[in-house]
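By written order: A, B, C and D. Residues from 1 in each chain.
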Amino acid sequence: MSLLTSDASGVFVISVTPFLPDGTIDFESLDRVTDFYLERGATGLTILGMMGEAQKLTQAEARTIAERVIARAGDVPVVVGVSAPGLAAIKDLSAAVMDLGAAGVMIAPPGNLRTDSQIEAYYGHACTAAGKGTPVVLQDFPLSTGVQIDAAVLLRIFAAQTDVVMLKHEDWPGLAKVSALREAEGQGARRVSILCGNGGVFLPEEMARGADGAMTGFAFPEMLADVVSCAGQGQMDRAQDVFDAYLPLMRYEQQPGLGLAVRKYVLASRGAIASPALRAPGAGLDRAAAHEVDRLLARKDKRLKELV
Amino acid sequence: MSLLTSDASGVFVISVTPFLPDGTIDFESLDRVTDFYLERGATGLTILGMMGEAQKLTQAEARTIAERVIARAGDVPVVVGVSAPGLAAIKDLSAAVMDLGAAGVMIAPPGNLRTDSQIEAYYGHACTAAGKGTPVVLQDFPLSTGVQIDAAVLLRIFAAQTDVVMLKHEDWPGLAKVSALREAEGQGARRVSILCGNGGVFLPEEMARGADGAMTGFAFPEMLADVVSCAGQGQMDRAQDVFDAYLPLMRYEQQPGLGLAVRKYVLASRGAIASPALRAPGAGLDRAAAHEVDRLLARKDKRLKELV
Amino acid sequence: MSLLTSDASGVFVISVTPFLPDGTIDFESLDRVTDFYLERGATGLTILGMMGEAQKLTQAEARTIAERVIARAGDVPVVVGVSAPGLAAIKDLSAAVMDLGAAGVMIAPPGNLRTDSQIEAYYGHACTAAGKGTPVVLQDFPLSTGVQIDAAVLLRIFAAQTDVVMLKHEDWPGLAKVSALREAEGQGARRVSILCGNGGVFLPEEMARGADGAMTGFAFPEMLADVVSCAGQGQMDRAQDVFDAYLPLMRYEQQPGLGLAVRKYVLASRGAIASPALRAPGAGLDRAAAHEVDRLLARKDKRLKELV
Amino acid sequence: MSLLTSDASGVFVISVTPFLPDGTIDFESLDRVTDFYLERGATGLTILGMMGEAQKLTQAEARTIAERVIARAGDVPVVVGVSAPGLAAIKDLSAAVMDLGAAGVMIAPPGNLRTDSQIEAYYGHACTAAGKGTPVVLQDFPLSTGVQIDAAVLLRIFAAQTDVVMLKHEDWPGLAKVSALREAEGQGARRVSILCGNGGVFLPEEMARGADGAMTGFAFPEMLADVVSCAGQGQMDRAQDVFDAYLPLMRYEQQPGLGLAVRKYVLASRGAIASPALRAPGAGLDRAAAHEVDRLLARKDKRLKELV
């Protein structure tokens, strides 16, 4: 399979890991949800991230899942999350998944980093651990990691670590950062692909400021693809119309900690996975929340009909 | 002026503090924005909170502002933020503003609290500092304070500190907490008013789960009032229609750190304050962000017209 | 090998992992340092903790080290650190090391836990992951984990999770916690062994308050054993005399982040390991620090001679 | 009174604020402890810091204390802590105390700073708030503030903010930082006085690496003065002998949160203040801790006699 490059664009869907209610991996659903993502416009997949319940998997399970998704995805690039407290785990998992045909690996900074120079030094070590030539996605997600990375620091990392080909942008607020990075490129900095996370809630603005697409797991990847495509064609109002129709649901899905249960509930209701179950200690939606999601889904459908 | 009670409901607007571009307080705009809030449905005001740039004020300025707003607001209750690292400051400011006619004070937990018992003990000390009989609003805002308070801990505080008459609810995710508190009341716990913050982004769901209203500074208080009113009459679809029209803008205003600049920009463009200036070290919107806000405002107007 | 029980006492040395300067594991030194610890009074060993550079090891390396140390230690109980962000890793590693003959596993709370109930719930899940009947050491180390655990919460965990047989006590300040736990036992709470960490810097006071010994990696385990032994015989002044002679060095070794380099430097200078090397990204002592340690070692020797 | 300069050296004692058991300020003891410090070798005083219970004081009380201590201290320079969440409070208090004759102000970074550029920018704003020409002490205390400042960032701040004349050094580990700053001076960086905090537990090493003295509140300032003096004369062994005699007590006093109670207990037992009381919500030593301190005091006396 081909490797990730700094030209990557479109929608890389953060894939869920389907489980049966008893906690075992549901491989049939894993195939189904992979197909589901690809049929709805995914240009790439990202697996074994926080929203893929990677921490709840044994190493053996993680590799089996990576192997299965990579094979199923065919020519579509698959990025694998390998963030870990230690470099040894990053090295091991990176080597394994690149052997299996992954397009690259994604690495978030460990939460104990504080100063600019610590962050820069970390990505030097992390890229070495990932292996020379392994494309790396830098996940910039301060709300979750507690690590704030200046645009200037990102640019220094991009300059020093040429294996970093993509930024998963989910700083919040982060729009000015997208602009700052694109401006720096205009002045000669190496181009890096910018795909946006944060549940997608700023996707129209991010695209207008020069992002290349989305990397998030919102349960309607077709919307992400539509927004990215419209933005690519300069149809910003159409992009925003579609986006706005989904926003009340998207906002609900973005709740920290609860979001994955919402996402799996929606995916199950769409038939993409058999069960909305999270592996313990995660819990599914309670009745009140499920009712709220159902209502938002119905309203979204109604609004979309008005748009046509 | 009458004191805040646990029956309080409606919309308590978190008021901005207007400044002139040179950083001096713009008292004329302070009067104007106070009127603006009241004319657009505010049933109360909250001043000297984080979004009121309270930390940038001298103590003398803070008291002058409190005096002016309380006088201008007339019969409308004014809650004053008195959160501080130490109890002495809480005691001083509480005494001063209650003398001036405040309806109550709002206190967020200091960021060094960790265990349940530390949090419980803190509110004992804080209520003593605020003064026996001073109505207290407990601000539960973990994203900003770093302090997570269990529903069970809130209930113990409510039971022990009868001066706590209101919860400013802005946990995220927090919908289940609203339900848990209301259920506990059904089983005999003392009722406390629940007004919701977090920029208002979950207001329809919060109202449906039993909240009494909103306490947030979104630049269109008439929307908050409309949502609360519709919800009170059981018109949940209408409430959500109005809410959805504003949501793209609301989402933009909710960006941490940047939100106040957005809010002041919108208030200035609505004529409620003369200048969008923040006092240093805060910065206003740059051109790209202002352009994005203008676009969202125009789209909001268009959408509202479709709704009528 | 026999399992750890709540009667455990003495000195469990936190073992280093020796590396050659090129970063490969130095198994010959691993055997030597194991013998070194046992010959100097260790009643147990703890491996694969933070000070064992566990995060820098591959899973395969970790198991090889566990197997080698457990075999070498013979009848002496070996506790294995299995803390991890996810339960799956805890389950995997616990099962593996218990099969190899470990006496128990040690688990620190992940840094995202905040409320009392989250902490309690976590240890329920963690004990399940470790496996029914696997003795668990609860590591209470807020300076490193950021998680503060009330004595009352510890007692609830001890009551609910009977597999927790030992507390690695390194809260700071923490003397009152030792007393509170022992008092609770006097009133019927289940007894749990308390071994003290924090580099040993409060060992005399901890022993006087009822601790059962030390679990730390100070490079002179014979001192820890001597203090514990003297305290056990009520010779508190002798215990403190010995302790005081080492305290200037111990204080130097307790520096966060730097301590392991000091410890390995001393162990190498004592002949217990061949090289003071840390695996990357760790760095050894620079010349100035090495000079300071040499000076403290010489002064310690001189002081000990005066004591005899 | 003369202003603080970058040539300052010796021992600046962090002064306690004495209270009567009922919580009122004990001004008679305030005079007495001021004299006590000066008679025991203090070359300066630092008031209204964390260990001066500044947060428990009203603004009026804080000014009264500053006025009284500054007057009592005569020609001895008094540094006043003015750290606050907002710049307005820094501006107000700085102006007030400089008017009263303070030698300078001390400012720690607020806990929300993360990136290098945020820290640099903050000290620009803070120095402006303190007032042009007001000598500023930068307090570098990551254990308490959560803000880690690189040596390179300190040097940039020193270069940009010429009013910063002193570093209160209490990073941990921090010895390499002292060396790095002194080396930079050797290469042309502006000299800044370095006084060391952290309870004094690394004072001998810090002096050997080029520090100018101590700024801490250990209850035996005569020891700090002795160590600084011996080090100044190159008598490093004598310095360390004295230090070691006090170290067991010093270690006990350094416990976070508990240390001030220990310090006041010792000061009261030495007759420097009338009561060991902390203002609420602080608590004094319980019986077990007081017993431990008494024992350490007796052992310290015995050891000192052996040294003569």
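One rule holds for everything that comes next: contacts are C-beta pairs under 8 Å (C-beta built on N, C-alpha and C of every residue); 3 or more make two chains touch, one makes a residue touch a chain.
Just so it is clear, the model here is predicted, and its values are computed rather than measured.
Ranking every chain by how far its Cα centroid lies from the centroid of chain A, the top place goes to D.
Of the two interfaces, A-D and C-D, the higher number of touching C-beta pairs belongs to C-D. Rounded to a whole number, the gap between the C-alpha centres of chain B and chain D is 39 angstrom. Centroid to centroid, with C-alpha atoms defining each point, chain A and chain D lie 48 Å apart. The distance from the centre of chain C to the centre of chain D, each centre being the mean of the chain's C-alpha atoms, comes to 33 Å. Not a single residue position of chain B touches two or more of the other chains.
Remark: chain C residues 54-59, 61, 84-89, 91-92, 111, 121, 125, 280-281 touch chain A in the complex.
Chain A makes touch with chain D in their complex at residues 114-118, 147-150, 152-153. Across the complex, chain B is touched by residues 172-173, 175-176, 179, 201-202, 205, 208-209, 237, 240, 243-244, 247-248, 251-252, 255-258, 286, 288-289, 292, 299, 303 of chain A.
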